[in-house]
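Starting off with a structure, shown below.
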Amino acid sequence: MVKISELLEQHGKPSREVYLDNENSGWVPPEVVEAMLPYFNQKGYGHPSITNLPGWEAYEVVESTLELVKKTLNIRSGELVLTHSGTEANNLAILGTALAANKGKRRKIVVSAIEHMSVLFPARTLEERGFKFVTVPVDKEGFVNPEILSMLVDNETLLVSIQMVNHEIGTIQDLKTLVKVVKDVDSEIIFHTDAVDAYGRLKIDVEDLGVDMLTLSSHKIHGPKGVGVLYVREGLKISPILYGALSTQKMWPGVENVPAIAGFGKAVELAFRDFEGNVEKMKNLRDMLIDGILETVPDTLLNGPRGEKRAPDNVNVSFLHVEGESITIELSLRGIYVSSGSACTSRVLEPSHVILAIGRKHEEAHGSILFKISRYNSREDIEYVLSQIPLAIERLREISPLAKQSKRSIDEKEVYA
Amino acid sequence: MVKISELLEQHGKPSREVYLDNENSGWVPPEVVEAMLPYFNQKGYGHPSITNLPGWEAYEVVESTLELVKKTLNIRSGELVLTHSGTEANNLAILGTALAANKGKRRKIVVSAIEHMSVLFPARTLEERGFKFVTVPVDKEGFVNPEILSMLVDNETLLVSIQMVNHEIGTIQDLKTLVKVVKDVDSEIIFHTDAVDAYGRLKIDVEDLGVDMLTLSSHKIHGPKGVGVLYVREGLKISPILYGALSTQKMWPGVENVPAIAGFGKAVELAFRDFEGNVEKMKNLRDMLIDGILETVPDTLLNGPRGEKRAPDNVNVSFLHVEGESITIELSLRGIYVSSGSACTSRVLEPSHVILAIGRKHEEAHGSILFKISRYNSREDIEYVLSQIPLAIERLREISPLAKQSKRSIDEKEVYA
Amino acid sequence: MSTRTPLAYSPKILELFKNPKNLGRMNDASVVSQAGSPACGDVITIYLKIDGDKIIDSSFESYGCAANIAAASILTEMIKGKTLKEAWDLTWEDVANELGGLPPIKYHCSILAVGGLKRAIRKYFEEIKREKPEWLPKDLSKEERQALEEEELIERMYKKYGVVT
Amino acid sequence: MSTRTPLAYSPKILELFKNPKNLGRMNDASVVSQAGSPACGDVITIYLKIDGDKIIDSSFESYGCAANIAAASILTEMIKGKTLKEAWDLTWEDVANELGGLPPIKYHCSILAVGGLKRAIRKYFEEIKREKPEWLPKDLSKEERQALEEEELIERMYKKYGVVT
């Protein structure tokens, strides 16, 4: 068996560290941890639906956190279902809608081609239960074309799910138009949006958008893991997908994770405390990083759009002739923590479906690196990253046969046996 | 809207507090919280399947915690699936087995009548998918009779689920015999056991028991909320029930809750550090509490068995002529935190199905109170509880018309209009 | 507005639970009535002392949750000094409001209390005075009907959802 | 044994990733061969310098993950000084073991490396020396076959699982 402690030792602790993998796992600031602490053993450590003091204290945490979330989204009615992750909330949205509609004539589920797997996979699974699964293509920057969407939905469509912001390439959809286009075809079509990567980076107004369901995840806004949220519009009927003892809600069984919910509440508060300032800061760092990479490293491609239609925290670049997992390790050794859309990191034998969906070739997808900036990064962080990336890529290109093949003329017949 | 802060103020903070509601929500000791802290923002805050330093550190937490758990259960092969709660792990066991067997001829699911709702409800839901749902009755102390069980299973039985220890009345089943009886009928029948309330209180040897699946929950052993575990025997095929991006496991999508897993690991370590001592302590407190209540409060019934076949942490008493939710509040005002099997606290219009299943009448179930003792309680705690209970019950019996009706002769016709 | 369904009570309920007003059997009551059943886990007994067309005193007993106790207690407060007609016109919503609101799953407590009161008033006229005023409807009021339904419904639900085989 | 499928490497892999041995193009190689494809995200090039029946030098290039780089590097270390027959007899498991173990989803890295080596040896005899020793089987070895299969299979999987419509 692999001794991980020895691997960690071999890696060593870099003297300078910059965490840019907030996409996969959020870094939790001390203030948020602080907010969780009392609820483990000082107060509110009870069950929020039991009528005793620690239970009522726990209930207050649930209630006040959700009230705050509602305010930030301009939600005036409807329910916020607490799950333990964005993945679970997305599954509830998709599978719960299908279960509730099981006997109806609406059998079509339409999702964009670049949805997160926690939307894509449950939707695709519904094919086995007799639903029709349709993906909407996106353009070279990841945008869904409203006209194409409008042609793909009809009065047999049960559900449309299109995310607000893409998690890998940062594309910000014109969601209001997409909702309108769908509702114009048939106002009964249910519209879900995965806002996991939009929350805290964009202003979201649920009433104005007109969506029926919306997903959030705590650890994507520097809250702790263990909290996902599904907003369900007033009057919309979905079915639970798991069963058990109910606490304060009908749609997800079991006790609420109260300390994590307290931390999530604090994370929401922090994200919205100086919302404009936070966003501005992220945008500046984002552009600094994009420009710096494209200027200093040859053979690179920016994935996703530029400017106002790109999420403020998203930088995604394909480094040609090198493979992404190697890059993540090479950068990790230099104290820079990122992730890749390479097949090697995806645990299936394919690279990122998002990068492929915008028309990149496989070899371009394999070399894609996602840098997820947060307001906890500084200019100095980005300067450090920019000082290391050219060195890192150069070293890996030294190792790669492809980099040199692209530069020199080589007897192909000789090399490809 | 109810202002919970005002409710808390009206309640006040009792000067002396004894937490005995560990059934519904575990109290987390400072050592466990301490073990979680680094993983929010110091190390291991990455994603355990991403190849960078914080990811590998996270993976080490997952791996080392599960290795420890395996050791405590004598698991030599097979998988431990991480979910976010015992409820989720039970759902995976039941629904995942049914999904995997979807096209087979085995269509019968057999569970005991006193299972936790997170076993009972998913199993019952399977009726809608063409499965046969059968409950095994229990005797007056909550025991499943092996002969009856043997008669209820057959070669069309897919799954049997019987918990090791009942969560409400503490009955410890003779699980090894129950597994044997089932496997004797047909060795292909899958046997799941919900060991949520057994772990840390009983010695469990998975190999010796011969079960195929087993459920644990972190917050039931003073770990943090956010971690459930399903052991799945080597070679047993179940299907995932949720879908999304995979991290280090196939059976539950999404990122592992690493800080919580670190805390769970510490909780396991603490529970097994002085296992015998912990159990002995709980048993002494349990018997002290049972004896004290039965001696000092008239019209009380102990629910569940006495002695070695009762879980060391479980005390469950029905106080006649008073209603359980009132008792939890009355005791809460005295700083004693418990829960009740009353209909009022169950969020469905029925009292505890467990108390009913052992043959108690509804009015007996409504007055049932569950005291869940932990090793963090002291003799002084129990002395305090015993000093308060007679006063609390007496006050409520003063309010109740039933208590007096049972004492005095009253013109029934006059009172029941 | 929250859509949660917890048992977070208004502070008023807890206050009345701690110090219920008008608690206890009244030995010289003009009429006594009861709603709910032990099997439901909810019983409210209402005692009224009537002088002419006025309720001059009232008390209660309750077997039930805190909301049940508080609803019965506040109802007896609300009706003291009222005419029978005025008392009859009270609704369960009035009682719930007076309590500072009730969680939806506790509405039935207020319904039981008002149902018990109306049963008492009806009984007073039908069985004791043996003459009915014009304002007393022949049909059951919604609270009486709902109390009755709940008493019967819960019995049926036990049978339906009972897990014991 | 853990059943997790993470990318937790042995320290040896990381060590070789940091300081690969025998890295780079060999200009005077006796034979060069390659396995994998850019579309798969895995390419290993193996260079051999052969003197008589001995491999007197070997080097590699790798486009791929850390396991890929480490597998290719350690393989070139393992075969230096070996006869061609001894080198041929190496299996991907030997390489994986030498690396201190591989996560199951990384077995293919070791297979590609050994597949590349065997292709090189086969090519050396078939195309350069144009005479085959007795020990060289006519059929492809398991690593050559699996490398070929992977190259083809992955192309097919892309088509099957591709989400782009």
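Residue numbering begins at 1 within each chain, and the chains themselves are lettered A, B, C and D in the order written.
By our rule, a residue touches a chain if its C-beta (ideal position, glycine included) is under 8 Å from a C-beta of that chain, and two chains touch if they have at least 3 such contacts.
Note that the structure is predicted; figures quoted are calculated from it, not measured.
Chains making contact with chain C as well as with chain D: A, B. For the pairs B-C and B-D, the count of C-beta pairs in contact is higher at B-C. With centres defined as mean CA coordinates, chain D is found 36 Å away from chain A. Per-chain CA centroids place chain B at a distance of 52 Å from chain D.
Each chain gets one centre point, the mean of its Cα atoms, and the points for chain A and chain B are 34 Å apart. Residue positions of chain B with contacts to 2 or more other chains are 4, 7, 11, 49-51, 56, 59-60, 63, 325, 329, 345, 347-348.
Looking at chain C, one finds that residues 1-2, 5, 7-9, 65-66 touch two or more other chains.
Checking each pair of chains for touch leaves A-B, A-C, A-D, B-C, B-D.
Contact residues on chain C toward chain A in their complex (touch as defined above): 1-9, 65-66. Considering their complex, residues 48-51, 56, 59-60, 62-63, 66-67, 77-80, 248-250 of chain B touch chain D. Against chain C, in their complex, chain B makes its touches with residues 1-4, 6-7, 9-11, 113, 120, 135, 137, 321-326, 329-330, 333, 342-345, 347-351, 353, 356-357, 361-363, 366, 398-402, 404, 414-417.
The touching residues of chain D, when paired with chain A in their complex, are 1-2, 5, 7-11, 14-15, 17-18, 20, 23-25, 32-34, 38-43, 45, 61-66, 68-69, 100-101, 103, 105, 119-120, 123, 154, 157-158, 161-165.
Residues 4-5, 7-8, 11, 13-14, 19, 21, 24-30, 32-33, 37, 40-41, 45-47, 49-60, 63-64, 84-88, 90-91, 95, 116-118, 121-122, 124-125, 219, 224-226, 241-246, 253-260, 325, 328-329, 331-332, 335, 337-339, 345, 347-348 of chain B touch chain A in their complex.
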